[in-house]
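First the structure, then my questions, so here it is.
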Amino acid sequence: MEFRTKLTLFSLLLLSANASDNGLALTPQMGWNTWNHFGCGISEDTILSAANAIKQHELDKLGYNYVLMDDCWHAPARDPSTNAPVADPEKFPNGVKDLSDKIHAMGLKFGIYSSAGTKTCAGRFGSLGFEEIDAKTYAEWGVDYLKYDNCNNEGRAGTPLISYERYNNMSMALNATGRPILYSMCNWGEDGPWNFAPNIANSWRISGDIYDNFARYDDRCPCTSMLDCKLAGFHCAAARIIDFAAPVGQKAGTGHWNDLDMLEIGNGGMTHDEYVAHFTMWAILRSPLILGNDVTNMSNDTLSIITNQALIAVNQDPGTGPANRIWKKEVFTGDGDISLWQGSLQNNVFVVAVMNTSPHNQTVDILMEDAFLDQGAAYQAQPYEFFDLWQKDSNGNWGKSIGTVQGKFSVTVNT
Amino acid sequence: MEFRTKLTLFSLLLLSANASDNGLALTPQMGWNTWNHFGCGISEDTILSAANAIKQHELDKLGYNYVLMDDCWHAPARDPSTNAPVADPEKFPNGVKDLSDKIHAMGLKFGIYSSAGTKTCAGRFGSLGFEEIDAKTYAEWGVDYLKYDNCNNEGRAGTPLISYERYNNMSMALNATGRPILYSMCNWGEDGPWNFAPNIANSWRISGDIYDNFARYDDRCPCTSMLDCKLAGFHCAAARIIDFAAPVGQKAGTGHWNDLDMLEIGNGGMTHDEYVAHFTMWAILRSPLILGNDVTNMSNDTLSIITNQALIAVNQDPGTGPANRIWKKEVFTGDGDISLWQGSLQNNVFVVAVMNTSPHNQTVDILMEDAFLDQGAAYQAQPYEFFDLWQKDSNGNWGKSIGTVQGKFSVTVNT
Amino acid sequence: MEFRTKLTLFSLLLLSANASDNGLALTPQMGWNTWNHFGCGISEDTILSAANAIKQHELDKLGYNYVLMDDCWHAPARDPSTNAPVADPEKFPNGVKDLSDKIHAMGLKFGIYSSAGTKTCAGRFGSLGFEEIDAKTYAEWGVDYLKYDNCNNEGRAGTPLISYERYNNMSMALNATGRPILYSMCNWGEDGPWNFAPNIANSWRISGDIYDNFARYDDRCPCTSMLDCKLAGFHCAAARIIDFAAPVGQKAGTGHWNDLDMLEIGNGGMTHDEYVAHFTMWAILRSPLILGNDVTNMSNDTLSIITNQALIAVNQDPGTGPANRIWKKEVFTGDGDISLWQGSLQNNVFVVAVMNTSPHNQTVDILMEDAFLDQGAAYQAQPYEFFDLWQKDSNGNWGKSIGTVQGKFSVTVNT
Amino acid sequence: MEFRTKLTLFSLLLLSANASDNGLALTPQMGWNTWNHFGCGISEDTILSAANAIKQHELDKLGYNYVLMDDCWHAPARDPSTNAPVADPEKFPNGVKDLSDKIHAMGLKFGIYSSAGTKTCAGRFGSLGFEEIDAKTYAEWGVDYLKYDNCNNEGRAGTPLISYERYNNMSMALNATGRPILYSMCNWGEDGPWNFAPNIANSWRISGDIYDNFARYDDRCPCTSMLDCKLAGFHCAAARIIDFAAPVGQKAGTGHWNDLDMLEIGNGGMTHDEYVAHFTMWAILRSPLILGNDVTNMSNDTLSIITNQALIAVNQDPGTGPANRIWKKEVFTGDGDISLWQGSLQNNVFVVAVMNTSPHNQTVDILMEDAFLDQGAAYQAQPYEFFDLWQKDSNGNWGKSIGTVQGKFSVTVNT
């Protein structure tokens, strides 16, 4: 068997599991966010145009139902009498409540952004010390989702408890509103949020900001592991974030997810195969899938990647969690690596992926002994029907059966 | 001399030491725990059946006298009026006190489980903030042992003092009951419990959870040392836990022990030789020996390993402490290693083990100069009578004399 | 193309950006400080002589307008009745106010020094606990700049919040005076000041003290990264500080800068080429440019380096930030490295530098793909007019056009 | 030139410096301590016998004037009415005050031991929470010196401030007594005492406990650097402690010293050459020189090493500080290393040492350029008269002139 992408992905079918939790994000949230493509250049129009594009492309039917307004929606200052947050009256002449109503009228959900600091990352007023009034106002505005950033935290980081308390203050404030608001922590993996965030948030970022590049090391994302990283930074390539995610998958599950950051598909910095690998790994690692491109102007290629229903089904499989990395092997010293990942879905379906970050084509044997390491000998010995999730079946649906495998199979993963 | 296991073990006899302490666990606790084999699927029947099996196999006569009920014994909530813990009325229709009485009537001791967090690892109610009522209730129930886990600690970790205080709260609550309750800390080695736990607990876990594998690296147990590990994780193979234990043996002794986690012998993931090495190293490192298999259904092989009285005698030798690693040598790069361990027992008996984690047979010379490094030149020069603790003597007892050794001897340790 | 220095530097011109901030240090501060050359041997005369030399050489016209009095200006003790700081009456017979007036009368600005500890580094009285009276007195004295050191902090370091609070106390005290006083934090990079200092200071040191050497490792500057360094030390060579600066450039910008420490140019420990590299990298990394030599006695060579107006223009370019390291390659193991740096200026001007810390000449191809990594494909494809900033044009100004480059160009960087 | 020891040491004479401080330990303290040889087996007799031996060998005339009683002098409990510490009435039938008077009558000084914990390392009552009554009692007993250990600190470690406060409590209590008591902190290098201890103590241990071995790695001393070590441990070989000392020499000086732990000379675990290297490095690194052998029973060889007046003069040189490591070179991978050290004494005398920890003889060129790295070009060019401090001159005094050296000289350092 040979495959032509940077990543080889299979789904394997055999036999049943289930779990549940109350509240939101029972499966990872999906949607679109203004930041990666528009940065501070947002307005009511930007957001409504994107919402219209989501409806037009029926992305919401696939699960992309959160429309998220990131940084720079703010007026220069809070309301001087009440301290309530105020939106920029020029960018949002009808106010945030009106925007939220329009989004809701389209059957979509609406999200907002703030920072657990004195200012946001772009220098707007932050929520540190204003958690209650902010949460209350968001609820009044009909907000369904809060992305809560980490800039300008005034030294309130460096030990788990200090980060926990800063983020828990907003968690409690959101809960106190009585409105269900998905709480998306964005503290860049500082102080090990996977250890404390599951009890207070629906998702937490695990690294510095992604940039539109597959595997390049950049000095601005300096840590080689996030377990005790003191400068999360930004310009983290997709493959580096995947590395960061490998040990912490164990901490995610129903209602609380590792957030690998927003998707870059369609922003132009990676090849088709790299974007396929990016989308696949985000999906099987159960990251929130938040589009970061201009959805009003997408190529067919971009659209085809982000609408792979088979991968979305893996990402949204209920009651199950992230894939694990079974092994990772350096190909040539300092030259990238090849790795095997496996995840369990409901009903004895499994997903297996092989990723190659090196500039060399790689042919490897995948042993069922490895792929079913966690499941044990009985599973390792079974035959499996294989589906290639990046091929379409005869009905034009993603996921084509490519035969039965037992014991092992060989794959070639291109550069 | 040649031996056929992954591990070569000797006991060496020459001449006397003694120490004592008040309270419990003067030697490492022994027993059986529900978790490794049954997980959440426990009930009164599971536990009583195991207790009966312990009696039937006379495991208690060897020292395995604690029957430990791990997570998932809980009702959905505490008693709403008193906040007292309540057991699941379906799994434990006669209540915990009745179960405890039955265990005691069999001459065994009974243990329970909770977590120093808002919830247990399986999501049941935790003891954080409820230490007094919980300890009091456990005492009323006739509990003899508490395993106290670390899940859902709400960010109260990351510096030694914060972990110490969280665990000391339960220590003081247990002491206040007046009932002697062995206190088994399970904070996974976070914040260096070997530094602070000896004064407040009888044992403390030193790593993430064991899994039933001898030496495989798994991404979910990501740290290479536990001295400053920020994600203890799980899926830690036996040989990795042994590595973690090497520097911290110095902190254990009468009444306070490093807990290498429960035994996996009999659960099927290792070979006979690997289980022998697992049992041996837990014994000589003076870990609590808590069976984790289904004791109602054991193979002769499993039974023979866990009933090696010579090793149990080493583990339970009074007034002495863990073996130390004298040296560790990498065999081929990244291919595992071979290591020499030595421990002192009472009356000038010593124990020496050679462990091989590589896939190659290894023949090495053991120098008395190394084996008696701590004892000095006089000891290094003596002749010793050697006993192989994995052979039986002519009376069928473990520990066969295999001659006298002086200066050095050669061993071959198989893969 | 071949260049004869340790460092090859270009400016590339194409097309516009802008930002601003209120307050001081909109661009990195420039000036002269007593410490590197005079240490504790200072007096009114030392400082006025230096100020006169600055005027005579018209260094102030280039931007060097701060005259900074470092440690050892102090009387043996504070004023016993008011606790106000007092200057040494022998060294400063006319008092600090008089000295400050004289400096101001010359059109220059005046700075002072203290430590956020019980004593300064040289053992004089420190400001810890005396922030208000000290800031008030400095303001009365006409002080324009405070360098605030980290010695004798009595254990108040080790977590970001504790360092933040200690330094924020002085920040608030300075603000409370109503006088604009540039606040230069000098906590040696401890606890990650780049994370918390931008909101409270105009610049912050990122490492232990520089010494007059280009690239030698010295045990007294022991950390290999500053992200979690527990002993900043001193005797840090210029190239090591540049390494430390690489990941933290992202945190600097208008009004808040990474301080790579004072310049050593003219103090004799480096070659001409090394001083050129030292000055260039400080300039493009947007470090404050604080002369540390004896400005009353400078060689023509020293003068020519510190008066390179092209580099000063890069350093003082408004609204833009530090250059980033695009790549760094080890030349021979342990033998130093070669690195590519790129920065963006206003109006589509860019600066590119190649640095060689090895003892071998290096010829490398600079790809526009690398140099414009952050700007993307359109920029990478353009032709650029190149200026060598260490050559003079036909008018005798630094920065000579050396032709147009597209795609790539080759440079040789000498040892 | 060839030398026959593990270590080659020179003193170099040229031209003047001076500093001073108030209080004790203006130069590193010297003396004898009970622990290394006698452990808990001490009594009035042990201590008086040692004091007599010190007088008999006139060791006090060389500076060894502190007689230090380590752990295990305690009665089982404090005085129940006053909480004052009480000595073991069997070991010290005449009380500590009487012992102290006798020591003083011999012209020696007397020291005691406690721990900044609830118990001492040997389990006796500790001083945590009893600082005032203990300091007061020590003063009444005529104590001149306190060694203050770190056992059983109940989690009060892990950040600098928490360690600082725990140790500062005793510092303030000692000061409050009005009696000058040398304060010797023994927190094993945890939390970076070199950063905070100089203001509160006369010396501080920088590592786990020494053991009587020159260079062997032992798992029980697991850290490879002390800058952020979480388990100082014990069984640290002399050469490892020297490595630990290299970066922190910068923090020591008049009245506050890095303590490399007590001397092992005479205890039998090293060769003559190794003990010579041990004594030399302790001397030039300005460690306290506290004998740890049985001074009532010394070989001539032991006596000759510890009475090298030339080395003692280096150690006690007033107003100057520790030698620095100029370079360290690995000889063969993992096989030990060779290093060059240089220190400055008063009056333009310098000390240079070359240490070889490998099992190979090493011949190296010592360049004056390296040896006078800190002093600069003028010093590097001078001729120096060389003294070998391990040879005796014609008067039988240690330190023999062996000629003049300029530029460089070659040495062979044996294994």
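Every chain is named by a letter (A, B, C and D) in the order it is written, and numbering of its residues begins at 1.
What we mean here is this: a contact is a pair of C-beta atoms (placed from the backbone, for glycine too) under 8 Å apart; a residue touches a chain by one contact, two chains touch by 3 or more.
Everything quoted here is computed from the prediction, not taken from an experiment.
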| item | value |
| --- | --- |
| Copies chain C and chain D - rotation angle from C-alpha fit, nearest 5 degrees | 90 |
| Identity of the chain that, by mean CA position, is farthest from chain B | C |
| Copies chain B and chain D touch via same or different residues, half shared test | different |
| Inter-centroid spacing, chain C versus chain A (mean Cα positions, whole Å) | 40 |
| Separation of chain B from chain C, taking each centre as the mean of its C-alpha atoms, in whole Å | 56 |
| Residues of chain B engaged with two or more neighbouring chains | 159, 228 |
| Arrangement of touching chains [line / ring / star / complete / other] | ring |
| Interchain contacts (touch definition) - all pairs | A-B, A-C, B-D, C-D |
| Residues of chain C defined as touching chain A within the complex | 159-161, 163-165, 168, 191-192, 194-196, 199, 225, 227-228, 246-250, 324-325, 328, 376-377 |
| Parts of chain A lying in touch with chain C, wherever the complex brings them together | 118-119, 152-159, 162, 219-220, 222-223, 228-231, 233-234, 268-269 |
